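Shared between the two complexes below is chain A, which pairs with chain B and chain C, respectively.
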Partner chain A sequence: MRQGNMPLWIGVFFIAVVAIPTIISFFYTPFDPVVMEIDVRLQPPSSAHWFGTDQYGRDLFSRIMVGGQTSLTISALAVGTGMLIGGTLGAFSGYYGKRTDELLMRIAEAFHSFPSILLALLAVTILGPGQRTVLAAIAIANIPVFMKITRASFMQQSKFEYVLAAQALGASDWRIITRHILPNSVRVILVQASASFAGALLAEASLSYLGLGVQPPQPSWGRMLREVQSIGDMAPWTVIFPGIAIALIVLGFNLMADGMRIKGK
Partner chain B sequence: MRYLRDRIISLVVTLFLISAVTFFTVNVLPGDPAILILGTEGDPERLDSLRQELGLHQHALVRFTDWLRGLLSGNLGRSIRYSVEIGPLIRNALPVTLLLAVASVGLALLISIPIGIGCAVRQGSFLETVSLLLTQLGMALPSFWLGFLLIHLFALELGLLPPAGFSSGASLILPALALAIPRAAVLTRVVRSSMIDTLSQDYIRTARSKGLPQHLVLYKHALKNAAVSIASVAGVHLTQLLGGTIVIEQVFGLPGLGQLLLAAALQRDLPLVQGLVVISAALILMVNFGVDLVLLGLDPRLRYE
Partner chain C sequence: MHSTTMLKRFCVISLVLLVLVGGSNLAVANAETINIAVPTDPDSFDPTRSVAAATAEIAFNIYEGLVKSTPDGQVTGALASHWEIDPSLKIYTFYLREAYFHNGSRVTAADVVNALNRARDPEISQRAGNYQAIDSVSAQGDNQVIVELKEPYAPLLYELTELAAAVYPKESAGLANRPIGTGPYKLEEWRPNQYIKLTRFDQHWSEQQPFFADVYFRIMPDYNSAVVSLKTGSIDLIPRLEASLFHQVQGVPNLAVYAAPMNLVQLLAVNNARPALSDLRVRQAIAMAINRDQIIIGAAWGQAEKLYTGLSPAMPEFYNSNLEDLLPYEPARAQALLQEAGYANLELTMTLPSAYPLHVQTGEIIADQLRRVGINVKIEIVEWGTWLEKVYTQRDYDLSIIGLTGKLDPHTILSRYVSTNSRNFTNFNSPEFDRLISEGISVSGPERRSIYDQAQEIMTREVAGVFIMDPMQINVLNAQIKGWQSYPVYVIDVAALYK
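This part shows the complex of A and B:
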């Protein structure tokens, strides 16, 4: 069904709309995102300042471009770490089964039932607020998620005959896990990665909004919303554009996950 | 009954583990908690008196058992920053968070059940397409941003509801709505898919062929069966909210557990952080347990597994 790919491509499009300006911001932004210019403060959107300016006269479009760097990098690193550690543990747990499996899954369950925001605040208590803390908290929260999904897939796959055949041919466990089962499990793991990425972006935005993430002057979407909360009524554009940036890319990753799921069936 | 006994044992064990992990993360991992609280530049005399107050001259295990014993007798110790007992602090904040969490999940169910059923009944219709698009949008909007928009619209433009603070039940409507919308989006999808599954079963065809009116088929026969998966997802949301109202409490200035924990974490009020995390975890585990009991009530088949 051709229609089945619609969510995937719309998702990719939304991600591109936000991610491309973010990538460009590493080399170029229309204005300096951190220098304050009081005489152009709180300007509504215009041809010079596409998204207007904030209460310190900083160009919002440039700040949203640069803010994406923080949000996307932290989410990518956090989901990547969670996927690597959780995926590895899950693969072994699912392939070998038995006692290791039971113990690991018990721990994963306990972690999973513990809300990740509490975990983040425990991290803030001992590490203090900052990018590293947010990264660690989101990564740890993602470990059990990837562990469960990889384990389920490996358990299912290891019952198939091709695995038995590989074992009969004398392939090592390592070879079977990495060369035979992993390629068949990649899709479910990637679907989860896309969904987790959306979750990580929202978590990063929330934590930055609480002032626990990136510290000023470095902009991030959540932090920007924290700074304009009190002036939102005078200058609605300062609230609307960062929110749309977050919503658009989260929507993109959720749609991409949905699209990959449909394609997998 | 064996199931119940096993569940209670595992609840107690998990709670003990969480207490231990929390205590050691906050109290042992940082090395010297007194320095963590006052900073390396702290006045040596104040550091010493704080060490005395926290009982840091004792072994970590002794401190842990003392703390546990206090916990069991309802004594959570004293907050360092507020210099008051922790118990009453938590007791004052708890109802706000609890009410907010329950109201949010209730609202989410109220929104999602009719829409989800509508989608399941009219598969492929325009209504379904629009609803599914809206659920995607609902899941993507950050709840605190929704909170800003709701304050702007209902409190400042229309003047219908209080914008912030906690004075009466009306203060909880907007925050509950901000938390409910993303959850209603997820739940609508759950209701839709479990109703689609249920409606294709034989007993529904029987109910229809004996001439039962549509609303009875849907709301009495089908919803009862779909309720199991709906309730389990709603339960997950409820437990997430018990720890996860922090952001919305901040947006609306509500004096709940989240605000207390945020301040405690930023000010490194270690005893208060410990107390709040353990109490929240206990609450979450108990709600989890309660949800499982409800599921047992809803689906007799589960009782024989």
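This part shows the complex of A and C:
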């Protein structure tokens, strides 16, 4: 902080701007985000409707607040799952090496070579559209990413003397992995998590934009953009605000990842 | 060093010029060329194979049948100059005019017999079901065709205007890609995903030369970019613009907008066979929970006419306009009916076709309206293929929204709600309705009208579906182009256009 880690703090600020209203929306929204009022459709921003209303007369501010719930929850769960599975497999692979490593890494690379959006579309074709599919698709795309980064860190650490010392003292593999190596690898994993989070948010928005994510009337940022693409010129607020929400939070997580990387050096 | 920069600059400039020249190919096109934006490629130009409306609208300019439809929904002679119907109403004699195919050969009665026999053969034709009333088709000399029916069948002439009854040379193959018809235009070139080029056919029997020599149907799935092209002049006509884009073309000086009812019946399909929905009170409650005015504003931007029955007001001779108050918008009564039926907390799924934004938006609004009377609707948006399979074929759904395209005869439209009809995807079952529909085909005049009036009342009162709207067909043209004709069927009449 004293050295002025600007990216980190700007990132945290951007995330807070979007995440705080989202958290509030679990308890309170100015208007019902789902109920339509056709009579007040497409009203520009005003004191009653801060961000204006959409094509069905729903309050855009309330919808963006609630839309964040879906985006953030799905991204958090997807990255969490990816991190847990990928991290475990990566640790295993990096610590033991040899054939296990070969096998696991080849599988990871095979997955990694698929463009993630293609993987997601495949998942949607098999499982049908909806929140669970999107979550599964993003999580699967994240597993190899975390596997690689954890494995690299574990391979490096396991050659250090403190590990050899622990082994010489007869510590079990489990104890070495969890008590000794993991705390030293946590930072790289967290940096990756922050970057992955930005990617997950964007993937969720893209899939909703394609109509494959959350089904209406549940609000989601990507879907909100898709629905108004032909009226953006007459009602610009319907495009601008969801767009800003996505841009701010994605930028926020990317900046935070950068900041953490700087701090780590 | 300096010379390489020069070289680079030269390359960039020539590239820019190339793009400009290439791009302006469209813009400075010759005055006798018209560019029309259509969303998809045709499925097949073989009249026996085609099922897509997108094909019919182009093929209307290439093929003709014995008769064709007029802009006001009547039937007029095409390859037949006139016809006679014998008093039993079972024998039709068509007299052919002197007409030529695009390959130069003359149209003979044998060609017509061959085409009609193929059209009614279930092994060959996708639409054979529409021609089952025909008992035999025969030629008398070179210029007379006699069609004999099993029973009197009033819709026959209308069915003969369809693409499925188009006439092509007897010895022809590969019509799917190389159609040979008798229409005012012939196919010159088809580049899938790019364009379909038609050229004027100089030997058309009408001896009237269409104004435009070359016609390009350009495939543009994105209406936003089609509108931009229209404004810049590289497209001259967009038929069937989405209502949400109407504001982009309204009041633009060099554009002319023609709106007319589409003769499309958009309905909330209610699967009558589902346990809760087989209760008439539940279906009537659903009908009374729906506010059509709000839907038309919210989903169709005010560009639609309200409907209360399975026919469109675009068919004034048969549309029953007295059904508005049968099941009016009364949410309180709807709630009471649900209580009475014991479904105070009903859960239903609405399956919507993603390919049709109008239907998806209508569905979203209806779901909201139904929630207000206590029916919890879960929306499920699916691909077009899935929709066809699940809703239309397997009838595995609760609620759905779809548009049924217009035909010229009420029988063709209403017979789908007959309990035994293979297209009766709402599983409507009313013996009284079935009886009326089978009576309707053999009578004419005011008697026929009265039968269809009763049939429409039954389908509305017993809720075969909730009929919502007939959306306006919004056609936008470059203002220099005149002569636009709106038809109550899915066609574009290019020959009528001029500058």
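In the analysis below, the second predicted complex is superposed on the first by the 261 of 265 C-alpha atoms of A that agree within 3 Å, B and C clash if a C-alpha of one lies under 4 Å from a C-alpha of the other, contacts with A are read in each partner's own complex, and residues count from 1 in each chain.
The definition used in the following text is that contacts are C-beta pairs under 8 Å (C-beta built on N, C-alpha and C of every residue); 3 or more make two chains touch, one makes a residue touch a chain.
Computed from a prediction, not measured in an experiment: that's the story for all the values here.
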Legend entry - Touching partner for A:Ile246 - first (chain B), second (chain C), both, neither: first
Inset, instruction - Check the residue A:Val134 against both partner chains and state whether it touches chain B (first), chain C (second), both, or neither. - result: neither
Inset, instruction - Considering only touches as defined above, state whether A:Pro217 meets chain B (first), chain C (second), both or neither. - result: second
Legend entry - Touched partner set for A:Pro115, first chain B, second chain C, both or neither: first
Inset, instruction - Quick one: classify A:Gln229 as touching chain B (first), chain C (second), both or neither. - result: both
Inset, instruction - Could you tell me if A:Gln55 is touching chain B, chain C, both of them or neither one (first, second, both, neither)? - result: second
Inset, instruction - Look at A:Val35 in the shared chain and tell me whether it touches chain B only, chain C only, both, or neither; answer first, second, both or neither. - result: second
Inset, instruction - Mind sorting out which residues of chain A both chain B and chain C touch, each in its own complex? - result: 129, 211, 229, 233
Legend entry - For the chain A and chain C complex, residues of the former touching the latter: 34-36, 38, 41, 55-57, 129, 211, 215-217, 229-231, 233-234
Legend entry - chain B residues touching chain A - in the complex, by the definition given at the top: 14, 17-18, 22, 25-26, 29-30, 36, 136-137, 139-145, 148-149, 152, 156, 239-240, 242-244, 246-247, 250-251, 261-262, 264-266, 268, 270, 273, 277, 280-281, 284-285, 288
Legend entry - Residues on chain C engaged by chain A in the complex (per definition of touch): 223-224, 242, 244-245, 247-248, 294, 297-298, 354, 361, 364-365, 367-368, 378-381
Inset, instruction - Spell out the residues on chain A that touch chain B in their complex, using ranges where they run on. - result: 110, 113-115, 117-118, 121-122, 124-126, 129, 198, 202, 205-206, 209-212, 222, 225, 229, 232-233, 236, 239, 243, 246-248, 250-251, 254-255, 258
